[in-house]
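By letter and in written order, the chains are A, B, C and D; residue numbering begins at 1 in each of them.
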Amino acid sequence: MSESMPQGPIQPAPISAAPAVSRTGAPDAVKKSGSLPPGFTLRDVRPDGSHEYFLNMGPQHPSTHGVLKLVVRLDGETVLETVPHLGFIHRAIEKMGENETFIQYMHLTDRMDYLSSHINNLCVCLAIEKAMNIGVPERGEYIRVIVCELQRIQSHLLWWGAFGMDMGAVSAFLYGFIEREKITQLFEELCGARLTMNYFRPGGSNADLPEGFIGKVKTLCEEMKFSLDEFDVLVSQNPIIRERTVGVGLLSKERAISNGCTGPVARASGVNYDVRRNDGYSIYDRFQFDVPLGANGDSFDRYRVRMDEMRQSVRILEQAAAGIPEGQYRSKEKPNYKVPAGSYFAAVETARGLYGTYLVSDNSFKPYRVKSRSPGFSNLSAIDEITRGGKIADLVTVLSTLDLIIPDIDR
Amino acid sequence: MGLTQDNSLPIPPAGSLNPAGSLNAVDWVVGWARANSLWPLVFGTSCCAIEMMATGASHHDWARFGLEVARASPRQADLIILAGTIVEKMGSRLVTLYEQMPGPKYVIAMGACTISGGPFYYDSYSVIKGADRIVPIDVYIPGCPPRPEALLYGIMQLQALIRKGAWRKSLTHQPLNTSPIRDVYSDCSKAWEIKEKAKQESMKEAQERFKAENPDFKGVVIKRVAAPKFDEVARVPKPARGMPPAEIFSALQARFPAVAVHGNADVTQEKWAALGPEYVLDLAVSREDYHGVVEFLRNEPALKLDFLIEITAVDWKDHFDVIVHLQSLDHGHKVFLRCNLPHETHPEIPTLMDLFASANWHERETYDFFGIIFVGHPDLRRLFLDDDFPGHPLRKDFEDPTRVVKRPY
Amino acid sequence: MTLSRLFHDTLSMLKGMKVTILYLTRPSRVVTQQYPENRETLKFPERFRGQVVMPHDEKGEHTCTACTLCEKACPNGTISILTTKNIASKRVLGEFIYRFSTCTLCNLCIEACPFDAIRMGHGFEMAAYKRDELDYVLNKKEGR
Amino acid sequence: MIAYSANHPVGDFIRANLPAPLAALANGALSVVVLMVLVVVVAILLVWLERKVCARFQARLGPTRVGPFGLLQPIADSLKLLLKENIKPRAVDTLAYFLAPLLPITGSFLVLAVMPFDHNLQVADPQAGMVYIAAVSGMGILGILIGGWGSNNKYSLLGSMRAGAQLFSYELSMVLCMLLVVMASGTGSLREIVLSQQGTVRDWWIFKLPGAGALAFVLYLISSTAELNRGPLDLSEAESELAGGFHTEYSGMGFSMFFLAEFVNMFASAGLGATFFLGGFLAPQFGIGPLDHILAFIPGFIWFFAKTGALIFMYMWFRWTFPRLRIDHLLSLEWKFLLPVSMANLLLAATLVTLGWILP
């Protein structure tokens, strides 16, 4: 095998500590005579390299949850190396942010991680509030906590359904959607949209809770407890799921931190970090909820952490629904949000991890530069180390336990 | 009946089965079978895919219409529901998928993105402005995302189209929309001004006559609806966690004298207080000790900033700023670094990959968008865009009229 | 496989089967809303964003004064306010062009409008065969 | 046992007017045509039943708008598949690609040739019926292997290799379970196997051998689910991993042949299960006089279809509840668990039979 490394613009210097780290290549992986497709680094395991072949789990594949392409180097069923290709849904949201006002940019964040669209909006609001020193009334804070926790449960329900479908239990997908539809209808009453909400504004939200909303949230909490137990019986205690996820896709704590993983993926590996509690935005410090941690960072721990997180979110919802005060739901509405010059960073905990908004403003109505730190971006970058040596079925298991939203990665 | 050159079914001229062109019994049965058994391809790129799944789920259940078997392989699918934005890089794959599908095949454009590029019509360099530029579309369903009922209504419209014999149309290669990308908003107002100018000439003397007859005519005054009043609420600053910025800076000052706090060079005690409790230490670092500072911040046990939030860059037209956000998971404090680089085509800066594995993709993304080369990065290639993409799009001087439509306001 | 684990596995699988059979044996748990059949009783929440509509009173008058605030608030260039001078040479609304093909239903225009001239309607059956059928003119008469 | 008269007016008329060699074939040809028509109708019905039962399992309605209760949906599907464009991908091995869909259907039809629907409603009754079934059901595996390799697509190659490994290994434990019943009943012919289960419900092979019969039935269920590529063991057309499994490259008629073969095979395996373990076309007798009399009044093939339907419902129940196994768990389940247990079960049954401890 020729030693020709893929020709990046500069010659690569040897790296010491980090293991052979995965990279993403561009065009389709066709094994030309001798040269590896772009992004692959492993010396050929077999001198003649005869038994290996490269499988394109291409942009259109049932288990990639969107348009992610994985070029997998296979020896029979065993995965030797995985190289994800991105950019199939890169819509230049950051370039557009430079020509839109701050509020108009917020409606684009719905379309990045559309399963935590409320929480993304909240992140932009927090950044603008920090920059322009806007306060949020008591009721507005409670509305934010209730709506964000509902969004987290809704996102985890869809993840649970998609996880069941990837494992082969198609009915689990449908059961997950039955529960999810209840929350979607709640959001329809709240802000009129089912998926891309655009409900929060700097200083609170653009409308008060419709009457009877709190009652519906309370009944939802009861039903959610019952259906979560039913989900546990159907999937969590299923021996086939246990066999396919326990010990599959191990991610150690150090590698999780070094790879920048956050959210349930990191917490399953033992990283005790939750932006709601550690950074303490909004009024999460008033509610008692504990952050579930996993022991050894395999797929089953990631599954278990998310199921417990749903239960914790139900707990927060009950406390918030009980304690929500009356009063005004937002502070004084400024005609147009002109952010003073400087750079501001705000971080929130979406269903997938730490979502950060970095606003750079030059004292005009439009941001000078906007960058959003997406949680899925770093969670996905660890996939090569996790799936080495596993089967194709393990690759699918790891992909669904990482809970990826591809537009959130590509922005 | 020989097969056509790309071995698809021979295309019967319209009405060949019966001269009147109306449907006879065979057409009716064929249309009924094809309309009621539409198998959609498992194809969803972004948000509309979630509403498509909701339509397939139990609440709206499109299996009632015969769409239950969503096939993953294009060979067995005869309907693509374009759910989500179609981006240039995905466009070529979509055309391949469309060509792999056999026989009478239909496309539904679901959502504003596929109809016209939707929110990404203006200022986006990578979105295809309307999927009918690459794939012939039968039904357009507006909305963002459209409700499941709207999707079901669109599917029923497609079924009606098929029953009327549209399957014959889908065997031919329909023309695609090849009109150039133009600023629809400005063209619409320009066209109106021309029409308006002509209209005003014709109305000029009528307006004088009206003004002469009733000089003191007060038009109807439409009252402004009072928006609900809210009073100002004071902001309760959240105290920053972990080590205060002053201590971090003093610990750093000892090792790296050249490092300065961004914005206010000489920092004294009351300056720190003035910055407020929420202030996160924002350092300006030179390129020489950029790697050293980050390594120090990461390995110093007291600071222990072991989590790299993100690496990005800002193009200030005369210089670049490479931004690094670090955070300590144990102590909770954050440090922001910015490193000033000259505004060349490919400025260089050392890589952080030996400290953080996550720096790999962040640096590749910054190279992809700004052209900043990270020396020592083993595989610096574009992350999101194709290799043949002209230039680096997030630079302020990036112009590409073939792809980008500037929003006029 | 030890015997006890075999027993527990079979037991949990049977419990899983019990969950699904309970869905089958209880037709009351079917949640499907049959869209075309339930069209009359189909009701959306009051705030549902179907598409932007301009309410007209009984005389067919609308309250839009062509102040173009909604046009500036729209992030996607969906709304075009085309103004004209009426008989009293007062600048009024000529045509309110609403390109539904690029609208993302983000509600920013409704919040920006000081005269409550436009609001979100509940329409959803707007699928079309041709793209230019999706450009609507919302106002029936010239502005006042 | 009511002796049925072998002659039949229509049959006699045909045999009288045909030349001698053809007359002998008339009976066989007639029964084969009837069997084919019956099975295709049953397969179409199973497609509809699968979609309705799957919908009810998932709290939704399934096809309702195409004909009453969606009954015409499978007809619309098959008609549409019939009229699809017949794509032959350029890089495909033509012979293998077009031969492959035929084999699974012929495999399952051949199995149905020996299926005893009623006392003498049977196309053929070879003495070595069980051996014939074991030999013929190998044809389906061949079709999947050739199809997967022939369509020159990495996904279908993976799918067919998985199918090859899975079907060969589960063939063993399935045959061992059938062997147990053959050994216990002493005959190879399916008709005698069913007749050997006459008497009360306790004489069915599932209850007759204390413990061994029931265990054999459970093992048969598991291994036949694997034979059918269904339920938790559907690795060869794993929807979420391999996108389409072995029939990724097939469109139109090719795909519908595989699709139909799956349902005909399901009917065949369920029929075999009913014949071997649940007393085929015998009415369940519980020893209570009047009830037995009423049950015996219902003709045999109704019982056969009822028992087969019950087994088919079990297959559907497995499929819509359980997730999919991984390939190495699947094979270790067979080689390390099913095979030894079915062999031990065979040994246990052999001792019971020799010592005569068959339940009275």
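Simple rule for what comes next: a residue touches a chain if its C-beta (ideal position, glycine included) is under 8 Å from a C-beta of that chain, and two chains touch if they have at least 3 such contacts.
Because the structure is predicted, anything quoted here is derived from the model rather than measured.
Visitor: Tell me which of A-B and A-D has more C-beta pairs in contact.
Guide: The comparison resolves to A-B.
Visitor: Averaging only over C-alpha atoms, locate the centres of subunit A and subunit B and give their separation in whole Å.
Guide: Each chain's C-alpha centroid was found; their separation is 17 Å.
Visitor: Between subunit A and subunit D, what is the gap in Å from one C-alpha centre to the other?
Guide: One centre to the other, that is 45 Å.
Visitor: As a quick test, compute the distance in whole Å between the mean CA positions of subunit A and subunit C.
Guide: The answer is 27 Å.
Visitor: Can you compute the centre-to-centre distance for subunit B and subunit C, using the mean CA position of each chain? Integer Å is fine.
Guide: Computed from C-alpha means, the inter-chain centre distance equals 21 Å.
Visitor: Show the residues in subunit B shared as contacts by 2 or more other chains, in ascending order.
Guide: Expected reply: 57-59, 61, 64, 72, 119, 122, 144, 147, 227, 407.
Visitor: Among the residues of subunit A, pick out those that touch two or more other chains and give their numbers.
Guide: Correct list: 61-62, 100, 107-108, 110, 171, 174, 178, 181, 196, 234-235, 238, 240.
Visitor: For subunit D, give me the residues that contact two or more of the other chains.
Guide: Within subunit D, the residues that touch at least two other chains are 57-61, 64, 155, 239, 243, 320-322.
Visitor: Drawing the touching chains as a network, do you get a line, a ring, a star, a complete graph or other?
Guide: Drawn as a graph, the chains make a fully connected set, so complete.
Visitor: Once bound in the complex, which stretches of subunit D touch subunit A?
Guide: Within the complex, subunit D contacts subunit A at residues 54, 57-60, 154-155, 158, 162, 232, 234, 238-243, 320-329.
Visitor: Quick one: which bits of subunit B touch subunit A in the complex? Just the residue numbers, please.
Guide: Residues 41-47, 49-51, 53-54, 57-59, 72, 74, 84-85, 87, 89-90, 93, 97, 119-120, 122-127, 144-145, 147, 227, 230-236, 238, 241, 263, 278, 280, 282, 306-310, 312, 314-315, 323, 325, 329, 332, 334, 336, 353-354, 356-358, 360-362, 364, 369, 373, 375-387, 393-394, 398, 406-407.
Visitor: If we count contacts the way the header does, which residues on subunit D are in touch with subunit C in the complex?
Guide: Those residues of subunit D that touch subunit C are 53, 56-61, 64, 317-318, 320-322, 336-337.
Visitor: Across the complex, what residues on subunit A touch subunit D?
Guide: My answer: residues 53, 55-56, 61-63, 77, 164-172, 174-175, 178, 234-235, 238, 240-241, 243-244, 391-394, 396.
Visitor: Hey, which residues of subunit C end up touching subunit B in the complex?
Guide: My answer: residues 30-36, 42, 50-51, 63, 65, 71-72, 75-77, 80, 82, 84-90, 94-95, 97, 99-105, 114-116, 124-131, 133-134, 144.
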